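Read through the structures below before going on.
Each of the two complexes below includes chain A, the first together with chain B, the second together with chain C.
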Partner chain A sequence: MVKFLKLYEKIGIFILIVFAGIFLAIASPNFLKTDTILNIITQGTYGVIVGFGMVLAITSGGFDLSVDAVVGLTSVFLSLLIPNIGIPSAIILSILISCFVGFLNGLIITKFGVNPLITTLSMATIIRGASLLIAKGRQIPISVEKFTVIGTGKLMGVPNPIWIMLVLFILFFLLLNQTPYGRHICAIGSNESAARVSGLNVTFVKIMVYVLVSFTASINGVIRTSQAMIGIPSMAPGFTLLVITITILGGTSLSGGKGNLIGAVFAGIFISMIYYGLNLIGVQYFYQLLSVGLVLLFALFVDGLRKRYLEAAKIKGIKV
Partner chain B sequence: MTEISEGNVLLKMTGITKIFPGVTALKNVDFEVKYGEVHALVGENGAGKSTLIKILSGLYRPDGGEMLFEGKKVFFSDTRQAQLCKIAVIYQEFNLIPDLSVAENIFVGREPKTLGRLFINWRKLNAEARKILDRLDINLNPRKFVSDLSVAERQMAEIAKALSLDARLIIMDEPTATLTEKEVVKLFEIINELKKQQVSIIYISHRLEEAFKLSERITVLRDGEKIGTKNTSQTNQDEIVSMMVGKVVKDYFAGEKISEGKKEALLEVKNYTIANHVYDINFKLYKGEILGFAGVLGSGIHHMLRSIYGAAPRTKGEIFFNDKKVLIKNTNDAIKLGIGFVTEDRKGEGILYDMSVMQNLTIVVIKALTFLKGMFVKSAKEKKVFAQASKDLDIKFADLNQRIIFLSGGNQQKVIIGRTLISNCKVLILLEPTRGIDVGAKAEIHRIMRELANKGISIILSSSELAELVNLTDRCLVLYKGKMVAEFNRQNMDEEALVAAQIGQKINQT
Partner chain C sequence: MEDYRLRKTKQKFGAFWGNFGLPLIFIIMFAIFAISTPSFRSTYNFLNNLSFSSYVGIAAIGMTFVIMTGNFDISIGSMLSLVAVLGSSFIPKIGGAVGIISALLIACILGFLNGIFVTKLRIPAFITTLGMLFVFRALAFIYTNNVPVYISDRFWLYFGNGKLFDVIPFPILLMGVCYGAAYLLLRRSPVGRYIIAVGTNPRAAALSGINVDNIKILVFTLLGLFVGISAVTNSANLGSANPGLMGQDFEFQVITAVVLGGTALSGGNGSLGGSFIAALIVTFLNNGMGLMQVNSYWQMVATGLVMIFAVSLNKLKFFLLGQGEF
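Moving on to the complex of A and B:
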């Protein structure tokens, strides 16, 4: 069992993708076409990009439930700012505002010692409310045509969101695995007291983690808004759960200390494949929702199993 | 040894074997306990003590051998069956519910009921608990919440719980590891009382002197095999130690101490006060010396040392480092000055569970092992630092990416000591560095401490093991209820004097 779980940890998500791929290839003649596959991956990037941030948060022993609200906030600010200050400035400013939300999350969690779940859940509600207020409850169309390039354009035949995901992947991968900062995140998620005693700046590291989560959520907001060409305060409802599903299914341990970014990429693609398959059968949106919930439960189940067997292996003195 | 008639044997295990994938944890072990006997079980970490206990308590199923309990053949497939057989285990981490009272904990799941079994009969519950506590002469209010109890009191509650289950055999796993000397005395009284009531005890401890004080017989395990059982009155510590380690070890403490060099104060603490913990403490730490701190629970030593390291606040006081006044606001300040700290709570504050052996060692200095202005970790450099430290400290590991939780306690401790050492440490504060570590690793840690001191590193050692202080330190300060009550140097230091000073007895100092 330990061996199986170890194997699953390494290649489990690939096997899931292969199975899903074989199934889809049989079920649909259109599946094995470049356009379809690129489309599936593009759909997957939404969750994956924010998943990168969530991997950091969960690795540090935290959690962020405010990502969907940040997407909406970014969308509203983009729609208001683009006509006034131009596209580049509008994007930068919107992202900075979102990062500030992450900063507030981190500040409340570290300085006041509030549970991250409750903090970010409250923050999500506050941000949603604020977005609706700022937009006066309306959806705000964007008329600057050029803006649509970000979400719908292609570079060398590959849709831009995939490029964005790749760039972010490289950045976050280096950050988590090759920098002292990444090491500190793992240390804090592993044993916060020990990290503190070892002289690490726990407060700074954690605040930055929440800033980075909001940063990824904001990037997601930019892409979505650019595709919709409309500022929607209530954009991406229920998105947070999808992001968490991708993170856990990708092999990031819920108990912290161990993050897996590559896994998140493939988990995102896998879920996107499920959506595609469900669309193929022609079932309703409700089933998609249901399936994400089921996948999350499955991922949590495996995570729990892994923890239990690791514990047992430790007691029995088996090397893992 | 004389043959024991079957009649007075409570537990007889024969040919017990337990195999884990790749490891034989127990090989054909015979073990028996008589009625009303205290049988000490000793051995280094990994000798198979805990496996044997887990088989006895039903956590593990043996792969071979059989067990007779009260003359009947038994087989435990889970812990409940062991409990029904009246075997109780008191683990180091207690199984009490903190938010319930002592009485509720004793009778948890079996509370006396009233009014058609709907409600708990509180009066009866507390009275019954009182009765059990009185049986052992334990002075503990059954209405008190477990969360308000000291470690020693929790242990007593745990023993009372075992007794309320009418346990015939109580297994105690390192019961004194976290107790003060005074509490140990009380525990021994309780154990003797249990003995009188014909309760048998398997006593597991790293502290050999306790085994000798308490037990009728001692069984030594090594590498999963039984080395032998001795009548306590017919053996001595040296013999048992050599049985445990497999070779003759004369003195398991580090060798000689350094001669007094020129005294150069490296760290000076003045008028140090932490409200409710310590008051007006003054001391100097000289270069290359090992300074001991002794004190029973409530002495405030741990609090003070933590605070000096910047991990806890202080009320007032000054710290001088190299004759310069310094302000230590947090642990990072202390590390920058060259003060290292090794916690007494290895699990809670020491190891980073999910990380590798190497990452655990380099975490503090990782920022220095980088290129591009601290951006990226240089893995060759990190490996070099780790290789050097693991060689210096003789850390044993399978591979450097192995997770730290799979190392033995002694090796984990070495990694944590290494963590502080490689950050250019000049003062090393060690709290209970050998707690829960087997004899071999203990001797190594003592040797390492002495070597470090010889290299000019100053060490502060707080230990509840007085023999350790007497054998290892150059000077020893004793705190009692937050006040400094005595200072010993090598000439006038001995265990009896330390014990007396620790519990606040006035002593004549010359």
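Moving on to the complex of A and C:
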């Protein structure tokens, strides 16, 4: 049983995808076409890209609820900057501004000792307000045609967002598993005071984590804006829940110290498959909210059962 | 010697800040608004504000209990909407009075559900209620098909607009009763001591024979009840229950109030009086900025800044009292 649980922790989400895939293949004749599958994965990349950042945050024992606001902020800055300073510098500048938001988050959390939930929840409100102020409450259309390539273009038949996701995956995977920095994140997440005592620069590591979360959120903002070709200050409402759902469903432990990036990728695709299925039935948007909430609760339910079983096994003396 | 004196002064200031800091902030804020905006000064506006603050104020009681046990609930905004929608839709069938009772019952059940998830499945409260936030809101949408429910029952409406002796709005009275009952529960009953014990040190509480899980479930259920009361008064005041608009940012305001009121997020002791004054601050701040015709986007920014500022101030208090690093 313990072996099974260990296995489930690693590839449980993969089993879910296979089941969902079989179900969808039977329900819809269009499902098993390359276009459909690529489309589903592209939809999934939204949550997955920010999920990479969130994996780091949760692994370090923190949290970030300001990602949806950062997406909106990026969108607004892109729409304002592109006509003035050109596409590449506009993208770089918007991402830098977003990273600064992450820096502020990290600074408040580490230096003022404010709880990460409260900090990022407040920051989300502040950033939303600020984006609305900067955009004067309007939506700003972008007329530079070239910009649309990032979100809708294809390279070798595969949509660009998937490439972006792959590149980020490799970067974050190397960062988390192959560098000292990644090990420091895990160490802080498992036991912060021990990490501090053994000489890690906890402040720096944590601030960088929040900068990276905002970085991924702003990449997502770039992709979304390029697809919509419009700057929307209130872009992506409720997106944070989706990202957290993907992260947890992907097997990242809420108690910190254990991150799972591959799981996040599959979890994002799984959620995207659910959306596709719901669209097939033709239900309203509310049911998507409901399904994400229920999937999250289900994942937590299983996680809770698993923890209980492992604890009981430990007491009985079975080696875990 | 010098060092000792400095420490004494620090402690004195910390104690002073802990006791009088919030009322002081409220008075200063009130004075600024009263001087700068004539429409803010009227008795009518004052009573109205007090009445508005009851929504946040009443729910803040429950949230104080929940945060005191070291938990958290961010589903209350959606809960407010779901309870209001369900309760008011029952009115044509069962009448206003039974409708209110059933609304409160539903609210208790929703809170109870949160409690069960948190305790029996050991899911962190924050994540459970994050999931519930979406489930409740979606259910409210699905149940009404996104059409507001209009309320015409006089008994129900009295809860939001009724006035005692034609002067005191009924919600204010209700808030007073709730705070009185909560005070008795927290300071004059064993349950209150259990809540504090569970928040301070759950292990010690469990070892001394307190059923920690039951206390946590009770606390979540109580929060549900208080949110239910807020749902009834709020929907009565608006005259309708709108599944999408009701309870927007409600959890944010309530948590701001409780944290601003001095209840530590790490659990342990909390302050009902602090939550009350902080609820007033949050409501009066919004109303004052509205009357000063501050852009609503600036209001969002201000609310967020106040929140971070308030939590940092609390840290400052503990630091001055020598209870932790800054």
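Convention: the second predicted complex is superposed on the first by the 317 of 320 C-alpha atoms of A that agree within 3 Å, B and C clash if a C-alpha of one lies under 4 Å from a C-alpha of the other, contacts with A are read in each partner's own complex, and residues count from 1 in each chain.
One rule holds for everything that comes next: contacts are C-beta pairs under 8 Å (C-beta built on N, C-alpha and C of every residue); 3 or more make two chains touch, one makes a residue touch a chain.
Here the structure is a predicted model, which is why all the values come from computation and not from measurement.
Which of chain B and chain C touches more residues of chain A is settled by the count: it is C. By the touch criterion defined above, A:115 reaches chain C but does not reach chain B.
Judged by the touch definition given at the top, the superposed model places A:238 against chain C, while chain B stays out of reach. In the superposition on chain A, A:191 makes contact with chain B only, while chain C stays out of contact range.
Once the two complexes are laid over each other on the shared chain, residue contacts for A:129 go to chain C alone; chain B is not touched.
Shared contact residues on chain A (touching chain B in one structure, chain C in the other): none found.
If you check the complex, the residues on chain C that touch chain A are 72, 117, 121-124, 126-128, 130-135, 137-139, 141-142, 146, 249, 252, 255, 259, 265, 295, 297-305, 307-308, 311-312, 315, 325-326. On chain A, the positions that touch chain B within their shared complex are 174, 178-180, 183-184, 186-187, 189-191, 193-201, 253, 256-258, 314, 316-320.
Those residues of chain A lying in contact with chain C across their complex are 63, 108, 112-115, 117-119, 121-126, 128-130, 132-133, 137, 238, 241, 244-245, 248, 254, 284, 286-287, 289-290, 292-294, 296-297, 300-301, 303-305, 307-308.
Against chain A, the residues of chain B that register as touching in their complex are 20-23, 25, 46, 311, 330-332, 334-335, 341, 343, 345, 348-355, 359, 363-364, 366-367, 370, 374-377, 398, 402-403, 405-406, 419.
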